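The next block holds one structure in the form of structure tokens; read it before the comments.
Order as written gives the chain letters A, B, C and D; numbering starts at 1 within each chain.
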Amino acid sequence: MAVNVGVINVTGFAGMEAARILWAHPEARLVAATGRSLAGQKLGEAFPHLAEYGDFTIQPEIDVDVDVVLSALPTAESAQACLPFIRSGVRVVDIAADFRLNSPDAFEEWFGKKHPAPELLDQAVYGLPELNASAIAESKLVANPGCYPEASILAMAPAIAAGLVEGQVIVDAKSGVSGAGRGSGGGFGYANVNEDVSAYKIGVHNHQPEIAQELSKLSPHGAVDVTFVPHLVPMTRGIHATCYAKLKTSISQDAVIDIYREFYKDATFTRVTDAPPHTKNTVGSNFCLVHPAVDERGGVLVAIGVLDNLVKGAAGQAIENVNLMFGLSPRAGLEQLPVFP
Amino acid sequence: MAVNVGVINVTGFAGMEAARILWAHPEARLVAATGRSLAGQKLGEAFPHLAEYGDFTIQPEIDVDVDVVLSALPTAESAQACLPFIRSGVRVVDIAADFRLNSPDAFEEWFGKKHPAPELLDQAVYGLPELNASAIAESKLVANPGCYPEASILAMAPAIAAGLVEGQVIVDAKSGVSGAGRGSGGGFGYANVNEDVSAYKIGVHNHQPEIAQELSKLSPHGAVDVTFVPHLVPMTRGIHATCYAKLKTSISQDAVIDIYREFYKDATFTRVTDAPPHTKNTVGSNFCLVHPAVDERGGVLVAIGVLDNLVKGAAGQAIENVNLMFGLSPRAGLEQLPVFP
Amino acid sequence: MAVNVGVINVTGFAGMEAARILWAHPEARLVAATGRSLAGQKLGEAFPHLAEYGDFTIQPEIDVDVDVVLSALPTAESAQACLPFIRSGVRVVDIAADFRLNSPDAFEEWFGKKHPAPELLDQAVYGLPELNASAIAESKLVANPGCYPEASILAMAPAIAAGLVEGQVIVDAKSGVSGAGRGSGGGFGYANVNEDVSAYKIGVHNHQPEIAQELSKLSPHGAVDVTFVPHLVPMTRGIHATCYAKLKTSISQDAVIDIYREFYKDATFTRVTDAPPHTKNTVGSNFCLVHPAVDERGGVLVAIGVLDNLVKGAAGQAIENVNLMFGLSPRAGLEQLPVFP
Amino acid sequence: MAVNVGVINVTGFAGMEAARILWAHPEARLVAATGRSLAGQKLGEAFPHLAEYGDFTIQPEIDVDVDVVLSALPTAESAQACLPFIRSGVRVVDIAADFRLNSPDAFEEWFGKKHPAPELLDQAVYGLPELNASAIAESKLVANPGCYPEASILAMAPAIAAGLVEGQVIVDAKSGVSGAGRGSGGGFGYANVNEDVSAYKIGVHNHQPEIAQELSKLSPHGAVDVTFVPHLVPMTRGIHATCYAKLKTSISQDAVIDIYREFYKDATFTRVTDAPPHTKNTVGSNFCLVHPAVDERGGVLVAIGVLDNLVKGAAGQAIENVNLMFGLSPRAGLEQLPVFP
């Protein structure tokens, strides 16, 4: 019997991607989807790539029984919308950032608002299966990782956990524009973005504390400091996180790769590559490719993580979490290989 | 029991796309794949997006039992490679152009060589299920359509069949660069293609006779003349065929759309749209979107067809044909919705 | 002594392009520039590529003496803004469409409003120097051509003037997104435009009557009917107009090229090419490349025109017109070769 | 009287860019250009954007008198070709890397060959006018900077010179594909590059020692260690260097910007920006935009440099050097503003 899924805010990129993936999911199905401005429209008319959904209509609220809710609302609106479901025992995967930071103070510092439901932070599980698979399986409230943190944490986790590095972790991340969401304004117009690279929110992006928090949990040496600089590059999907940290002792690249392979030996979707990976080799799929390199002259670890920000960085990760929460096949609905070229 | 598929020349874009799609096909599987320069390499090392194939190795020849062969060799090399399979009773879908033109003279005129196996032309079926589903189901040799013809024929077929137009059909087609194949040379370098549009092979592209031949078969008024001008646009996947023909009598756009909807009412993957379709709404999927418009002032039918040249225009079409030939579910392996945005 | 130029609406793409070009113009200079939302800001802060302008400030109105005004307002707002200058004897180049159609009824039919200054239509000269150089030189009100018409008319003019073709002229045009203007909304977001081609306003785009009007003036056989279908392709700058018309009699491609070369032998910026031209070979420059080809099988002329829609299709053309109106060197400020690759 | 310039290897991207810029240079002109495979062809036929050069023909050797030679040959071939000119007293700007590293041992270590003319290294001046203007003016042999080093050095120079930072400098650079040159192979095909980001030559790119060498010369604290990781992003022109270094003491961003502004107060083409700069705001121009930011939480300086790799990063820089060497106006031929959007 299929798991019945409701999506809150199907009209954003993450929400519509969840609908796309669920269409071909053998063990789960979309039974309700909300959207504010487009409520009442057919999903497949609002978004022609979803035309196969036929008469399926976007609703103002989820008003049918669902087994799990995926919320793709903007951060700080999402918790509010999730609360009724959480209280009535429906499982929730929050694709927004509302339940990612463990501390309500950190939330307030980085998002500029009081946390809307601090009492729930304790039960929220950070939804990164490579680190927390069993906790996710038993959780009723999963905080789906941000797209930048997902790539960055998966790139650095084995090195941090093994105590290979020390000092500041510098994360230089490059993202396609879909990370900014469907509603993003004029700065993301084609004429501006094409043939352009630029940095933004240097040192002040709210994905920084998320990366630091999760890496710190893995560290045998206490808190990990992170400098995070995101860049916009002219592509639609894809994140490339290049992470730099000083190696504590000299170690060969082969030895580091062995440590990484061991760390991810049971991972369903994260794979360690011998060569620098290409974001294009993940497009449309739930895979994350990780590559650690050693700059021997500088004594620096350069660890790279790449993924499709809308799949492994958002909706695909959410569905992977649903699979875990309901005991489905871990790859159900996520078997598709990357669309290349 | 799964249908065992062999792919000849898996190292071209069409061949590797067949491997990509077959990975998630529930009723067919890739059991052998050949490639000349890369024989001996693992498929997933040569092409990292296929890494899930693990130890699956590219071979010089197909040397295991297969139920069907997909040949993705260049035109005029393909027939030769298919012959042994045809003779031994293995079904063949030829993705090259070797068996598309019914007349060996036309082949020689447009391809500049004698046809390698003229005796087989009679039994080859043109593999466009929207027109020839039952013949494909019973065929042992299917000539998979070219990417430009697939989009152009699907755009014009209902109008030609209904006798709506007269005179020359002008096909102005726009293609992404993957249509040129993986081995294409320097003209397809990023620095040349990006921020550029150009026409090529004006009136002399060998897809022209294929379009004319198939439309003529549908025409109640005899042979259809076609002027075909392909253009290269800066994208990877996608074909947009804009077709123009003089309307015989005044007719409303709504009436034309009704004729088109009726024509395609049983089509599995071709859908008639109310608004001009976007190639992006087909990427990674086997769908073709068709839209007829009427220029009332000029008395001209403008019929548009869009598709992903590597899926509906090549490997997906081939697998749709395999599904028909073996009585599988028509959508098996092709359920995935387009990757948008 | 330099010609003093004022630009109305410097904040749109055409206006800011005029400012860009004038910066390096040896005989003309920008002395005033208006913009509504950005009035009071420094030009170089609003648009960092114009940073060399230093303290030059965007004004609400032109309040200094100017020799000529370039208006880059939206159509139907532009005439109003130009009127005071025209009345006071200042020369005007209108980059909008307000003065392009000779008939106020045609304006009303295509733009849905009464013409704001029908009494001026008689004195407006269509600003295409390849056809009207001497009239432009003596005019006080120049209607700068639209970007699509500029490419289309230059592609077809020699054939129409020589009476080579008959029947409907079909113009299939492909444009980069900058043609839609800086203020264009969400449909032009990067995530939507990249990897996409689509047609729009099939048969109803208001550049159609402009093309038909100017070609008809050249025709020895009376009015020319035009079917015009614009397409959006994923690039920033560039227009590629592919024009189709039935040849009246058989003629070789070489003979057609000779007719084209003769027609443009005195043209400053339009050049006839032997091979299909690339839009990329015009980027950032005022050149238009024209290529006629003959589809012998179909008896069809295929004539192509390519240009940079913001230069030869807008601001560069306007400055070329200024050069003519003030007797400056025809290439002044427009010497730069295309930026390739 | 114009300076007569010869270009060796006009058929590469840097060489053809020099030809493009020289066309509109008021005080210098291209009088000879060589190219191996294309010798004998007209420059404007080989490269249609240079069509204005008319009958100007690519030669096998420079056989007319020139005042200065720009060599755009590949590294390690260039010195050889420059030698005869240097010996006969003709000034040379080497766009290749042959004369950039001061030590022949470093050359051998990073380029894998013995230096072809170690005796000339002493007289070569590193051609970065922001640092070495007067030495360049008097030099007969200028080593034009690499594109990555130009952006990276200009980003970090003021901070290094002021002693603001300590420890490893990490340079995470993003480049468009034209940096790889016209002859680069299949990895730079459109279908591979579009919608992709990837790192390459992690820690082993031969621009690393060039950056370290020049920054070390500026440092009050001795040698500067550099970790350099280049990335390929889907654009044609543009380099974005993001540089990271630990601040020695706490300092405000405003204070750092003041130090940068003071450092570049006399620079002709380098400008310090208040916001993170966009590569697109330099396309087609000789400008470099530099932006220092302070990550206060991490105590890290993030310094960004962006430029057009073919202009300020290659041919434009070479012509700026020619202007200095011959006492021409510093901006001659380089007045054009960036082509935006």
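Please note the rule applied: contacts are C-beta pairs under 8 Å (C-beta built on N, C-alpha and C of every residue); 3 or more make two chains touch, one makes a residue touch a chain.
Predicted, not measured: the structure shown is a model, and the values here were computed from it.
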So the chain most remote from subunit D by C-alpha centre is B
Check: interface with higher C-beta contact count, B-D vs A-D, is A-D
Whole-angstrom distance, CA centroid of subunit B to CA centroid of subunit D, is 46
Chain-centre distance (mean CA atoms) for subunit A and subunit B, in whole Å, is 36
Cα centroid separation, subunit A vs subunit D, in Å, comes to 38
Check: subunit B positions touching at least 2 other chains come out as 13, 176, 178, 191-192, 194-195, 234-237, 277-278, 280, 283, 341
The residues of subunit D that touch subunit C in their complex are 13, 16, 20, 23-24, 47-52, 178, 194-195, 236-237, 271, 273, 277-278, 280-285, 289, 335-341
Subunit C partner, complex, touching residues on subunit A are 13, 176-178, 182, 184, 188-195, 234-236
As the complex stands, subunit A meets subunit D at residues 168, 170, 172, 174, 176, 191-192, 194-200, 202-203, 208, 225-227, 229, 231, 233-238, 240, 242, 244, 246, 276-280, 283, 293-300, 302, 304, 306, 341
